[in-house]
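The structure appears right after this line, and notes come after that.
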Amino acid sequence: MSDRGSRIPGPRLIPRRLKLADPGRWPIGFALGVVLLAGFGLLALAPIVFDLPAPDEMDLLARLTGPSAAHPFGTDHLGRDVLARLIGAVPVSLGAALAAMAAILAISLPWGVVAGLAGGRVDAVMMRLADIIMAFPMLVLALAVIGFMGASLEASILGVAAAWWPSNARLVRALVLSASHRDFVRAAHLAGASRIRVVLRHVLPQVLPSLAVIISLETASVLLALSSLSFLGIGAQPPTPEWGAMLNEARPFFAQAPHMLIVPGLAVTLAVLAFNLVGEGMRSLLDKREPYRW
Amino acid sequence: MGIVPEPEDIAALRAEFGLDKALLQRYADWLWRALHFEFGTSVATGRPVMAEIALHLPATLALAASALIGAIAISLTLGSLAAVAGRYTGAGLRGLTILLVSVPSFWLALLLIYIFVLRLGWARLVGDGSLTDLVLPAITLSLAAGAALGRMVYERIRAEMSEDHVRLAIAKGLGPLQILTGHIAPRIAGPLATAWANAFGGLLGGAVIVESIFGWPGLGQLILQAIAQRDFPVIQAYLVLMGLIFFATSLAADLAVILSDPQLRRRLGDE
Amino acid sequence: MLTARGLSKRFHGRDVLRGIDLTIAPGEVVGLIGHSGAGKSTLARCLVGLERAEAGEITLAGEKVVPGKGNTRQRIQYLWQDPTQSLSPFLTATGAIMETLAGFDIGPRAGRLARAASLLETLGLPRALHDRRPHSLSGGQCQRVALARALAAAPQVLILDEPLSSLDLATQVSTIGLLREVHADTGLAMLIVSHDLAPLRQLADRILVLDASRVVEDLAMVDLACKAKHPLARAYAATL
């Protein structure tokens, strides 16, 4: 959760990007991650195509039943179809993670870019402010924010965003700093490009590949945090279908109905895994150092 | 006090919680008292916040510390195995690492409970806070952190293996173990110590989840209750205290790095 | 045209420039020679504002200026040592020239594309290569694009930092020819930094010898062989 600094490769020159067309370079893990993500995308669309019971439709006569033809993943303690709830949770769980990630980027991108380009005192002040927030363990800070706002999915998104953005801003700053010291960036400024143009046309394109890696890995960690909070009962509130919240509801019954435990947990794991695999795959593409072998 | 509170009662309550003063003064008062670890009384229980926290803090620290030890052991094993392993074993170990990082600790905990408590009966769920009851929560908490740190150990070793001094060592005919312990370990110890200290912060936060599942009597229970009851003094004290502990760990790691690095030590000695 | 008085700079507690005086007359080509580490590149970088001198002043056409600021950025242009590193990998040859034309608002907007194409062609980059990015151009071709970009700004002084050192021998010869042509056509004042006297002999009117952060000799090129007094300048003259 906290060792991200070394995992992110520095900006690379563009010629390396040309090699991406070579399919042999794409690792299996990356392909698996993309397939998983696409699978979740299709799953979210499933209710439009197939006729599924509503996620909160109760059938009190069929409580805690195991997998059957009518209910492929069984039913929960209120007789709701676990598959329907699982699918209904895709937009909630993934949507929350993407919303949190968007909020994190909305703060950390401008913060990191301005600090990295301004340098000097502005940079120092901005980074000290980020350090103050980073002095708290991330999940602890998120808990505190939720504590002050009151438990809800929105509060948990804001709490996670508030706790996660500073480390993100640090990474962005480091990337921008090394990208803006390239000869061609300074050359473009001397040759007449305005500051805005230098940033948009010469600095950001360098940073984008590494940024994609960061975003993918961060989304994985944010998704994990948000579903943990929902599991603790201080994120998504029942009856909203959300994977972590589903597991929380399953806790009293999991000796009788283990299927309630397996399915949502697997969903969280696979979604987090997908983002991690995509991030790691892109990273290994960018990082071409070859170690010496014995 | 009746159902409808009398104005005097409200005034007394406001005075007790300091709500009758100006915002800035309230903040200054709070900061002054926070510096003395006085966070007032819990709104929910009426007992002093510090007393509540002192009751639960040792359990959380014990859990986080044992999880850290576990995570360090796991990370060193996974990381160095992945670095020296052949192509396919290495890829398998890295895959395992990514998988472990991706499994949510709350699900892992439930699975472990299902297997070890309900099926095998090797551990019990409702314990008395003794050391044997710590094993399962500590393992749960350490697996993901250990995997994440293991990935970092692997990265560091791999980066060092791209350096010329390692090529020289290979050329001299040294074995993998000698190179790992003699040439690579001293150079990566410092950054790893810092990473371990940072991981402690993650474990303190993660402890909340694990404690809530295993019923471990740590701060996690207290804070979840405080969030549900909107018990602000407890939340404040928890935030400040966790920040302090995290800060102290990082400081200790930084000092250890400086003291163990002969170059830095010499420079400090000169000044 | 361009004068510097008493330029001084320290870096990591070491003097890299000590009271440098330098004058470049309009249309004059001045060569700056010295060992590596003598401060040549730092001096060149101070003159375009890539680094800041701690003391001294710079005047351009009689008025005091701060290099890299205001319209001085346009009036003093710079050619980097490694053209492949100084051209953005994100822009085509035409794009690089257009960036300068638009950035300095040179000429009517509608004519800029044609202007960029003709400038690149004048400098010997065939039309077929105009839409290529630096990584699919050779070092010599990149050098031509970089030079075209510097000229597109319509500067009054051009500063070239080791313009030949990253090129192979054949390209060095053609680049020297190109620079002579450019000077003949534009009459631009130039300062050429080099560690090697041979190209300066073909290009420079006057030569400055830099040693241990000071200018130790300032002579017309033709006088170098007979009038040089400083041992380093004499050593260079002996290589002719």
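All chains are identified by letter, namely A, B and C, in their written order; residue positions are counted from 1 within each chain.
In this text, a contact is a pair of C-beta atoms (placed from the backbone, for glycine too) under 8 Å apart; a residue touches a chain by one contact, two chains touch by 3 or more.
These numbers come from a predicted model, not from an experiment.
When you average the Cα atoms of each chain and compare centres, the chain farthest from subunit A turns out to be C. Chain nearest the geometric middle of the protein is A, using mean C-alpha positions. Computed centre separation for the pair subunit A/subunit B is 21 angstrom, with centres defined by C-alpha atoms.
Between subunit B and subunit C, the centres computed from C-alpha atoms are 57 Å apart. Between subunit A and subunit C, the centres computed from C-alpha atoms are 48 Å apart. Within the complex, the subunit A residues that touch subunit B are 1-3, 6-7, 29, 135-144, 146-148, 150-151, 220, 224, 227-228, 231-234, 244, 247, 251, 254-255, 258, 261, 265, 268-269, 272-273, 276-277, 280, 289-294. By the touch criterion stated above, subunit B contacts subunit A in their complex at residues 95, 98-99, 101-107, 110-111, 114, 118, 145, 148-149, 151-152, 155-156, 158-159, 161-162, 166-167, 170, 175-176, 179, 191, 195, 198-199, 201-202, 204-206, 208-209, 212-213, 223-224, 226-228, 230, 232, 235-236, 238-239, 242-243, 246-247.
Partner subunit C is touched in their complex by these residues of subunit A: 13-15, 18, 182-194, 197, 201-202, 205. On the side of subunit C, the complex with subunit A involves touching residues 48-50, 68, 73-74, 77-78, 80, 82, 85-91, 96, 99-104, 133, 135, 146, 149-150, 152-153.
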